[in-house]
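What follows is a structure written as structure tokens; I'll ask about it next.
Chain naming follows the written order as A, B and C, and within any one chain the residues start at number 1.
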Amino acid sequence: MVKKGNNVIVKEGVILGENVVLEDDVFIDYNCIIRDNVTLKKGTMVGANCILGEYQMDFFKTRNPGKHPLVIGENAIIRSGTIIYGDSTIGDHFQTGHNVTIREKAKIGNHVSFGTLSDIQGDCEIGNYVRAHSNVHIGQKSVIDDFVWIFPYTVLMNDPTPPSEVMLGVHIESFAIVATGSLLLPGVTVEKDTLIAAGSVVIKDVKETSIVGGNPAKVISDISKIKNRFTGEKVYPWRYTFKRGMPWEDSDYDTWYAQIEKQLKI
Amino acid sequence: MVKKGNNVIVKEGVILGENVVLEDDVFIDYNCIIRDNVTLKKGTMVGANCILGEYQMDFFKTRNPGKHPLVIGENAIIRSGTIIYGDSTIGDHFQTGHNVTIREKAKIGNHVSFGTLSDIQGDCEIGNYVRAHSNVHIGQKSVIDDFVWIFPYTVLMNDPTPPSEVMLGVHIESFAIVATGSLLLPGVTVEKDTLIAAGSVVIKDVKETSIVGGNPAKVISDISKIKNRFTGEKVYPWRYTFKRGMPWEDSDYDTWYAQIEKQLKI
Amino acid sequence: MVKKGNNVIVKEGVILGENVVLEDDVFIDYNCIIRDNVTLKKGTMVGANCILGEYQMDFFKTRNPGKHPLVIGENAIIRSGTIIYGDSTIGDHFQTGHNVTIREKAKIGNHVSFGTLSDIQGDCEIGNYVRAHSNVHIGQKSVIDDFVWIFPYTVLMNDPTPPSEVMLGVHIESFAIVATGSLLLPGVTVEKDTLIAAGSVVIKDVKETSIVGGNPAKVISDISKIKNRFTGEKVYPWRYTFKRGMPWEDSDYDTWYAQIEKQLKI
């Protein structure tokens, strides 16, 4: 049985499984496959050819799809070709680019986006306002805190002595920036307010506010040293210089944060 | 309304939008989605599961597809799974591998090809006879001149201080070769007749005829020094040693160029 | 004509070409395209939206699909979105992740798996028990022996002086491990029992039992030196410390190998 809210649009060729919930204003484009136990909250849009609640290993062994619920929050934009497994929860305002894959057991916060071809291996925790651009690979056991940026072709690994049965995830703390083409080795912690330069191979922990780069990555400088090449002003910590899509978009970081703190104390 | 020329083949499951023009000998394979205002010129072939004229952000906001024309030139081969947005023009003899994505506002010349999984972020200019192999990422504001080769897993970036609102594209001049896995930083110019070695992280401009390599990339040599390991002959500039698919295929570069010059002077 | 065994399931929207053979217990999910001359052996499962026996260049020139047989062995799991060309043979217990591409003329052994987004360029030889993780690119003329592990975003190149008509494949010998994000240059041989560290740019042969790393890759150590960080025990050669999915899973490598040797001598 499918439960549909008001103003739901389901285009031709869409397959809907058992126990699917489509809340108000959901839109599903041509030829999507929505398998059993998938919930799409209000206003979510799913591009053509997506597969949500994709079959897991139990199906391949038994031909029984099993029970693997997937919940996607309000106002998501899931672009065409995206594949998302069950046993996951995804917050509001989620976005994917095209042909993104998200495996089972992912816990994903609000306002998260993954660019085209990103490959989230599942069994990971991703906070709020995390932005991963195209073709980012997040290995199992990764933990990514709030407000982290990850640029294209970055890989978070997890096997310290491949091939093995051990999985040591990477931990990236809030406000860290991982630039394009970086490789983060298993078990590494990237502390907050750091910048991993493009093409870095990060083999050990990165300390707060530092910039690292190279193969293997070494400390290059401190983020306070980076200036805007046009204005000469400091760029980092970026929460004071960048607002688009952030919760402090209409004021500034400190004002917003003071409000948050106040709310928490009440 | 769809306007069809002679000998047009449209296979089952294809969705055709409004104001689609399919010129003579166009072939569209199973389950493609051709959205509004797409023109496919003579002899173009579209593989299965492609999406042409894909929805842009305005659709996600308003559910109105907007007017975003896409024109693809004659004799293109668009392989299965390719997604191309509107507001773009693409020249003749275009080719894609599988699952290529091309975002809006791309200006692409003639005889251009992008390999499997390449991700063209749009708002970029690409000349003629540009060949990008598998899994190449071209950021917005990139400018690529004629006769450039880009090998797999290369990324052209554009944000000098991520995350920011500034976009500084990479500029690659004619006859340059960017080997596999190279990362080109925002605002870099790669001058003509250069060779970027595999795995380079290019952080500053690359001067004419030089070979650079490493992380960060440094000058290694001059392209005139590279010899064919079997014949001992000079390899570069490659326009004198490579012809397949080039306009000088049936003669040689100098003869062809002399003809071009003559035509321009008339 | 399609030849079907017992208990074959073909879901809605599947297109079956001429001379397709589906042996017992084959399962084909929604919207797959199985072109002419494809054989799927017993127990093989094909995820949604796959294309098997994909059109080659002759089709684009003549609109005649030509004769390009593809045989996939028993008990394969082909995940959704995978595209496999013809003129190839693939052994038993094959697995792909999502959106894998395998071009023509690939010879692939038993118990091989390719992760999500891997791009096998064809005209290559791959042994038994080879595991390539997500987004691995295997260029034409590559030769990979048995029991090789290749981790994400690794590229095996083949053009020594790009662009040229020469193709020199990479050769990876048994039990070698290529860690994430490595680039292997054309013509390189990686000998057995080696470990290529993450992010290596391998420009020359790698000698037996060595560990190499860096850009360009240099010898760092010998695999015998690596210890498990928890137990302090030697990790490599990995065939003595890792069993999952291996033919010695229920005993140990030496016992298994002794049995094999005995069988060969009979």
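Note that in this section a contact is a pair of C-beta atoms (placed from the backbone, for glycine too) under 8 Å apart; a residue touches a chain by one contact, two chains touch by 3 or more.
Given the structure is predicted, the values throughout are model-derived calculations rather than measurements.
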### Query
What kind of graph do the touching chains make: line, ring, star, complete, other?
complete
### Query
For the sequence-identical pair chain B and chain C, what is the superposition rotation angle on Cα atoms, to the nearest 5 degrees?
120
### Message
Suppose you list every residue number at the chain A-chain C interface; are over half of them used by both chains (same) or under half (different)?
### Response
different
### Message
For chain A versus chain C, what separation do you get between their C-alpha means, in angstrom?
### Response
28
#### Entry: Multi-partner residues of chain C (each touching 2 or more other chains)
13, 31, 49, 81, 99, 117, 135, 153, 181, 215
### Task
Would you pull the chain C residues touching chain B in the complex into a rising list?
13, 15, 31, 33, 49, 51, 54-55, 60, 63, 81, 83, 99, 101, 117, 119, 121, 135, 137, 153, 155, 157, 159-166, 181, 183, 185, 201, 215-216
### Query
What residues on chain A touch chain B, complex-wise?
9, 12-13, 27, 29-31, 45, 47-49, 77, 80-81, 97-99, 116-117, 131, 134-135, 149, 151-153, 177, 179-181, 198-199, 213-215, 226, 228-230, 235-236, 238, 241-242, 244
